[in-house]
Structures are given as structure tokens and as C-alpha cells.
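Presented below is the structure to which this report refers.
Each chain carries a letter (A, B, C and D) given by its place in the written order, and its residues are counted from 1.
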Amino acid sequence: MSALRVLVWNEGRHEKQDEAVGRVYPNGLHGAIADGLREAGFEVRTAVLDEPEHGLTEDALAQTDVLLWWGHKAHEDVRDEIVDRVQARVLAGMGLIVLHSAHFSKIFKRLMGTTCNLKWREIGEKERVWVVNPAHPIADGLPDQFVIPHEEMYGEPFGIPEPDSLVFISWFAGGEVFRSGCCYYRGQGKVFYFRPGHETFPTYYQAEVRQVLNNAVRWAAPTNGPGVPVVHVHEPLEDVPVWRG
Amino acid sequence: MSALRVLVWNEGRHEKQDEAVGRVYPNGLHGAIADGLREAGFEVRTAVLDEPEHGLTEDALAQTDVLLWWGHKAHEDVRDEIVDRVQARVLAGMGLIVLHSAHFSKIFKRLMGTTCNLKWREIGEKERVWVVNPAHPIADGLPDQFVIPHEEMYGEPFGIPEPDSLVFISWFAGGEVFRSGCCYYRGQGKVFYFRPGHETFPTYYQAEVRQVLNNAVRWAAPTNGPGVPVVHVHEPLEDVPVWRG
Amino acid sequence: MSALRVLVWNEGRHEKQDEAVGRVYPNGLHGAIADGLREAGFEVRTAVLDEPEHGLTEDALAQTDVLLWWGHKAHEDVRDEIVDRVQARVLAGMGLIVLHSAHFSKIFKRLMGTTCNLKWREIGEKERVWVVNPAHPIADGLPDQFVIPHEEMYGEPFGIPEPDSLVFISWFAGGEVFRSGCCYYRGQGKVFYFRPGHETFPTYYQAEVRQVLNNAVRWAAPTNGPGVPVVHVHEPLEDVPVWRG
Amino acid sequence: MSALRVLVWNEGRHEKQDEAVGRVYPNGLHGAIADGLREAGFEVRTAVLDEPEHGLTEDALAQTDVLLWWGHKAHEDVRDEIVDRVQARVLAGMGLIVLHSAHFSKIFKRLMGTTCNLKWREIGEKERVWVVNPAHPIADGLPDQFVIPHEEMYGEPFGIPEPDSLVFISWFAGGEVFRSGCCYYRGQGKVFYFRPGHETFPTYYQAEVRQVLNNAVRWAAPTNGPGVPVVHVHEPLEDVPVWRG
């Protein structure tokens, strides 16, 4: 079996415009995320918003098994026709892993059909990520919880559809909880939302977070199920008379 | 408790343009649907596509607890800003019941995030609607299955998210099956998709179908849960020091 | 519509054997729970473990729409044939609301098929109950979260099947989270697990907790769906030749 | 990665007592099922009811990643302590694939908590198995539907909990439908129910059926998530004062 082909997409602006972020992620958030995935043996490329077609050409997507998406301040700069293209690819089987503030990305809101609203607070408080579905492959190799020392808080109610599987719930020192690992089937594709990963914290260097992303890529990998076309079936499969009213 | 306020929305063009449809539904599909709901004691109004703002003004929606939606040939004529408005109302708690060919309506596709594709065939074959969740309130008062003598066929795979509850599965004489009763939570609102109801068949006069719609209105009625706003929570609920990096 | 008939079942031993519990619940946990339900207009009776047949005679159950169950230290004293009887009634449509330490009751473990294991700690820490499905009728009338000043902690992973709907998640001061409001369909019946309610704390006098129980009784009320018998259907519904091999 | 270790368990009595079954399955149902799995590269063993401890010793289970279970006429002969043992292993991570008439096995009913009742008819009618979740790995490599020329019919309502994922729905010539491929998470383990496989039909030689079982073994394979113990956590994870009442 050849390696899964992963594309890590990042807005890529915070790192250039905000010195503090650049210090934490000198190779960009995408660089740190890609490093973790490469260590796991995946074939990893990266792309950023400011490339032509946002780096998400038909060709690039055709060579992608699983796409990771980090965005925050420039959701509106993502062109609608590129969102259409990504959505079509997900519904045709490409895995999609939506990271942190990309809960407000066009592609995630498009696939959820809801506001994706939430509460947020930036005081660098402690987060504990608890496993609530220990049988799920995205929990593979994880302890029952792990701590992220400093993170942005996201709090419920989170304006998403009920996940098809809920894998993680986060606890925050300031008093909130959050559904942090949410699995969805959409068409022939799989979507995973993972909460942690604020740009000012070294979250994507943390071993447990990398384990989650590795597991998620494997879970979201395309499988070869039947398509979901619209079809006018003129002839019945079984012998049925046409009714003349 | 005052009666639930129901708005039955219909495209309303088939009935005028196609004599055969007009014979089956002389008062429109909305008229027949509304009659069934009125018998159940709901306060029912109707609206059609060709009214100003499609009859879906802010005011009309503000007075609606549950909206039923029938559309088929003119999905594209529904203006996007009206779809935005209806979506916002659903996410704020208004119930939505999506009927038959409205699987391809803008509002349903918007709330699902998927293609909503399916197979279809129009030979007037027999449909059997089977209850698969007998505990669900939408199955109240129903036998384990009922027959619709002649209907359009819809077949799987149906390009929808996995329902939060699946209440009905249809059997078709020609060989297909279909998830015919699908419940979804979206924001503060509830959405129910119900498959039967082709414009050339007297489906909406059938007692079991009316029972389903009555049950669905009760299930989809707004409840007064908390809102799902986006909120910047500046202060933690618990006493947590701000981290200075 | 006549009032729903509710039976509040309690082990009823803590209150007699432990003075501290008796002070908090002088009329028993069942007494306090029943009071809250009576205020909401339900027709409420109570029963305790030490009554003949644990107060759960065929006749008592036949007159019950929704059964609430509180147990803790004497799960093993509940006779298996009574558990069989309650299970059969739930599968035939009676609602069941399982409270706090009754996660380890025979009836809940029987209906879940899992260990129902969890973490626990008794230091009277603060609990925050967050609504995560604002559209669910059990969240009716609730704010986005409410505080229980002192409670026993229950922590994940909780050994239950994924809920059909997850309504509440609890945050605990000591660092844990818990799926605190879990809905299940079982046969023709509905089951709701609600976490709070330790015997040494006045939880069942709290307005939000009473609101949850009132909502849960309404949600779990029997509906008249089809039965789920085992049936040898000798004749096909459709005309199909018998195959002779 | 070493091969998954699969144990195919079969009652193994029909084949000996009923000549017609012996002709279809000369090496037993387990033999045919095992052959298909071996072709896919799994390490496969078999066991039958009449072996000591039904062939399900602690040691045998300890060496099993995924257990397949076929039973029909002798469910009551399976000893309860062996059922306890299998259940404990499933909840600790072993995959379980429940086949056809094993819907009434003790182990399946135990893990579901429901009656698992259904309708049935034995006229050798045609079954069509439709894929309804094309993204699910158990649908890998399958067309949108496949035909089993002659099978026993199973019909809804099927007395199971709502599946965590529903992969297949069957259509029967005689008029019924059935949820034929049902996924459940239970503890650290995964359970898949697959409907087809009556003892008098050559179903387990059919390519699509073998593909489903191969996919199901891979999906149900153990992953190394955290355990689900009951734990008295004496000390809080966070610094919280003990409340003194």
C-alpha cells in the first residue's frame, strides 16, 4: 500500500504579520503540522491562501487523499469557486480535517449547514482533552486525557450538527467544555473537526496532538464506496407494470 | 397552550401549468397539505413562490412555528436572500418539514451541506413505508407499515448526512429502498425530511401521510433552549490567571 | 389530555441509614424528586426497594407512563425478575429516567449492554452543566449552562453506548468532563440518563434540575408506535413465487 | 503489520443434522466463511459450539482480534459464563461481527439491551442489499447494490438500538425492508451486525458478501484507545478545596 497523500492547507498570514506567531511557527502552522504527518510516513505537501487558486487547483486536489485546513482571519478571502471545488472533492471521497479556528471557514460551514458559532476567550488557560469514545480509531494510542498547557478557549454551545461520532470533549480551566473531536460522513467523504491549535501556542508540536492528526488522516482516507449521483432510472430493476393512472 | 402556527409553503406552479396535477390538487398541493393540518387543530396558513418575497417575509416567518416546504421545478427561482432568512429562522428554532422533491430545494441543501442526490423513476409503482424507530414521536399512531398505491420512486444512495434519527424506510416495487423519514437537529431548530408526495398522485389525502405530517409538526415545534451566538467571553467563569507567555 | 403518570423509584436506604442524607432529604430522595414533578402537573407516585416486589408490581408498572430510578448501594438487592419486568415495559413504551448513581443499576446496564463504568470523586466540587443540543426538548427553558455548587464528580470515559442525542456535558472544578444528559431509543421506549443527584447534596431542590426532569418526563412519555414482535410471516406481502431450490 | 487474527465461531449443528445444509456447506458455515477471510490474507481459525468451552477459552479469545458469530437453533446452549467472557472481551476491544440469525444470540442481545426481534419468512425470495453510507469503510469496493438471488427474509421493525452507523438496507421481493449492516461502538470494541447468511443458501460463497466481511474485519479490528475502568479518583487533577458541608 502506497503512502496516503496529505495536503496541509494554511491561511499563512498570521505567521507573516504577527511576530509572536512567527516565533512559535517559523515555518508556518502548515510547516509544523506537515512535519508531524511526515514523521508518521504520509506523503505530505502544503499550500497557502496566497498561492494561485489558493494552492487548491483541480490537479492538486486530484492528488490529495486527505486535506487539512487551518484558517482564521481571512476566511472571506477564500474564493467561492474554490470552496465549491473542495466541497465537491470531499463529497466524492477526499478526507477533510478542519482545524481550530477553521470552524468558521467557508468549507466547514458549507458542509455543516449551521452557524458553527461558539464562545471564545484568549487568556492562555489550560485545556484537558478527554477521550469519550475509546473504540474510535482516532483515539488510537491515546491516554484517557491529555493536557495542553496553554490554549485559546472554545466553549459550548457549538453550532454544529450532532457529530456522527464524538471522540473528544475538552475541559477548560475557566469553566467551559467543548466537543473537540467531531466525525462526520458527507457523501463519499469523511470530515473530522479538531479543536486545538491556536496560532500563538506550540500546540502542533505536542505529541498527543500529532497522534490525533495521524489517526485522523488514516480514518479520513478515501474508501472506494459507490458514488452518489442523481440518476433517472427509466427501467425498474424488478418487473413492474407502468401505471397508467 | 395555544395552537402551533404552521405555514405551508408550495412552489405552486405545477398545479397551474399541468392539468393532470390541477385535477389531483385543485386547491394546490399546499391546499391539501393545509387541510390535513387544520383537521389536527393547528393554525395553518399557506404561501407560494409567486407572492412578494415568496410569501416568506420577516413578519410571516416571525409568526411561524413550523414551516412545511414543497418545491420541484423552480428551486432556482427561490431568491438566495430568502433562503438565508429561512435558514436563520430554522437555526433560531423554527421547525422545518421538507417534502418530497424539496430534497433539491436550496434550503434543504443548505442545511445538509451535501448534494441530496438520489435515484428516481416515475412509473407510478407501489411504495411501502416501514417504521424503523417505533419509539419516535413521528411514528405515533402508525402501523408497522403502510402502502401508498402509486408514487414516484426515490432510491438510495441518498446524498444526505446520516439522520440524527431515522424513522421510516420505503420499499419500492421496482427494487429500490429509501430513507424516507429523516430527523435532524440544526442549531436551535429541528428539520424533518419526508419522502412521499409526488404532484401527480393523491398522496397528501392519505390518512397515514397526514398522520405523519401532524406528528412531524408537533416534533419540530420550537422549544425554548439557549441560543447559539458567537461570544467573546472576556472574563473566565472560574478564577484563572491570565497567562503572559 | 390527562396528566402523565410518573412513578419515582428510589432505593430509599441512604436516607434511613445515614443521618446526613436524612437531613438533606427528610422525605427521601424520591420525596424531593416527586415534589418537583407534582409542581409541574404530573400525576406522581413513589416506590422504594423494600416494598413488596420493590413496589414495581405488574399493576404499578401498567399505570406508569414514565419511571424515574435512583439507586446506589443496593443495586444487587433488586431482583432479576423485577428487572426483566421493567425492561420489558420500557421496550414496550414506558419512559425511563435513570438518575446519577443508577448508572450502575441492573436495569440501566441491561439496557445499555456495557459496563457503565466511570470515574468518581467525592469532594463536593463545583459542577457546571452545559447544554450542547439547544434544539432538544430536554433543554427547553434552560440557560446555556447552570451551576450545581457542590456535587460528586463523575468523569469520562463513561462506559455507555454513544447516545442517540447528547443534551448536556458537565464540567467539574477538579478537571473532568462528563456526558451528563444522554437520550436513547430502546424498542418502543425512550431512556434518559441524567448525571446530577448525589444523596448528600440538595441537587433535587434546584430549579434547573427540576426543569430538566420535567422536560425529560415529557420527552420520555410513551407514544403509540407499532410494536416490535417476532413474527413468522408465512405469506409474502407481494406476489412472489416460493423458490423450490 | 502482522495479519489480523480472526476467529469464526459457528454453532455447527445444522450442517450435521440437516442434509440439505450439509450439501451447501460441506465444511460447515464456518468453513466457508473462513475460506473467504483467508483469501483476504487474515489469519483465520474456527470454533464450534460443541468444543470444550465452545472453543472460546480465555486463551483462544486472547489470541483473537475479531470474532465472527453464526448461531441459530442452539442459542440457549451457549453457557452464560462464556457469554460473559466474550462480552468482556468485546468491551475491552475485540471486534465482533454478528451474522444473520445470531441476531438472537445471547451475546448480541446482551450487547444491544433490546429484544432484537424481527419478522422472518423462508420462501427463498430475492434480496437486494443497498449501500446507504458510501463513505463507510465497510462499503469499500462495493457497487451501490448487489443481489442475493435467494435468501430468508428479515423484516422491520428490527428491535435494535439505532446503529451508530447504518451501512446497508435490504430490499426483499416479498415487500419488506431491513437494516442489514449496523455498526456499534461498545466500550473499547466495535460490533457489526450483517443480515444475510441463511444456512440453506450459498450466500457465504458470494463475492460481495465476502467483500463485506473482509471490510468488516478491518473496521472492527482493535485499536489501542484508553480503557474504561471504574476508578475512585481520590485527588482532583486541579487544585480544588475539599468542601466540608
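Going forward, a contact is a pair of C-beta atoms (placed from the backbone, for glycine too) under 8 Å apart; a residue touches a chain by one contact, two chains touch by 3 or more.
All of these numbers come straight from a predicted model, not from anything done at the bench.
Asker: Measuring centre to centre with C-alpha atoms, which chain is farthest from chain B?
Answerer: D
Asker: Count the C-beta pairs in contact for B-D and for A-D, then report the pair with the higher count.
Answerer: When the contacts at B-D and A-D are counted, A-D has more.
Asker: As a quick test, compute the distance in whole Å between the mean CA positions of chain C and chain D.
Answerer: Computed from C-alpha means, the inter-chain centre distance equals 30 Å.
Asker: Using mean CA coordinates as chain centres, what's the gap between chain B and chain D in Å?
Answerer: 36
Asker: Between chain A and chain D, what is the separation of their C-alpha centroids in Å?
Answerer: 31
Asker: Hey, what residues on chain C touch two or more of the other chains?
Answerer: 128, 131, 133-134, 144, 155, 157-158, 162, 164-165, 173, 175-176, 185-187, 226-228, 237-238
Asker: Show me the residue ranges of chain D that touch chain B in the complex, using the header's touch definition.
Answerer: 128, 130-134, 144-145, 155-158, 162, 165-166, 169-172, 175-177, 179
Asker: Please give the residue numbers of chain B that touch chain A in the complex, ascending.
Answerer: 20, 87, 91, 110-115, 117-121, 123-126, 150, 153, 155, 157-159, 161-162, 164, 173-176, 184-187, 200, 226-238, 240-245
Asker: Could you please specify the touching residues of chain D with respect to chain A in the complex?
Answerer: That would be residues 93, 128, 131, 133-137, 139-144, 164-165, 173, 185-190, 223-228, 237-238 of chain D.
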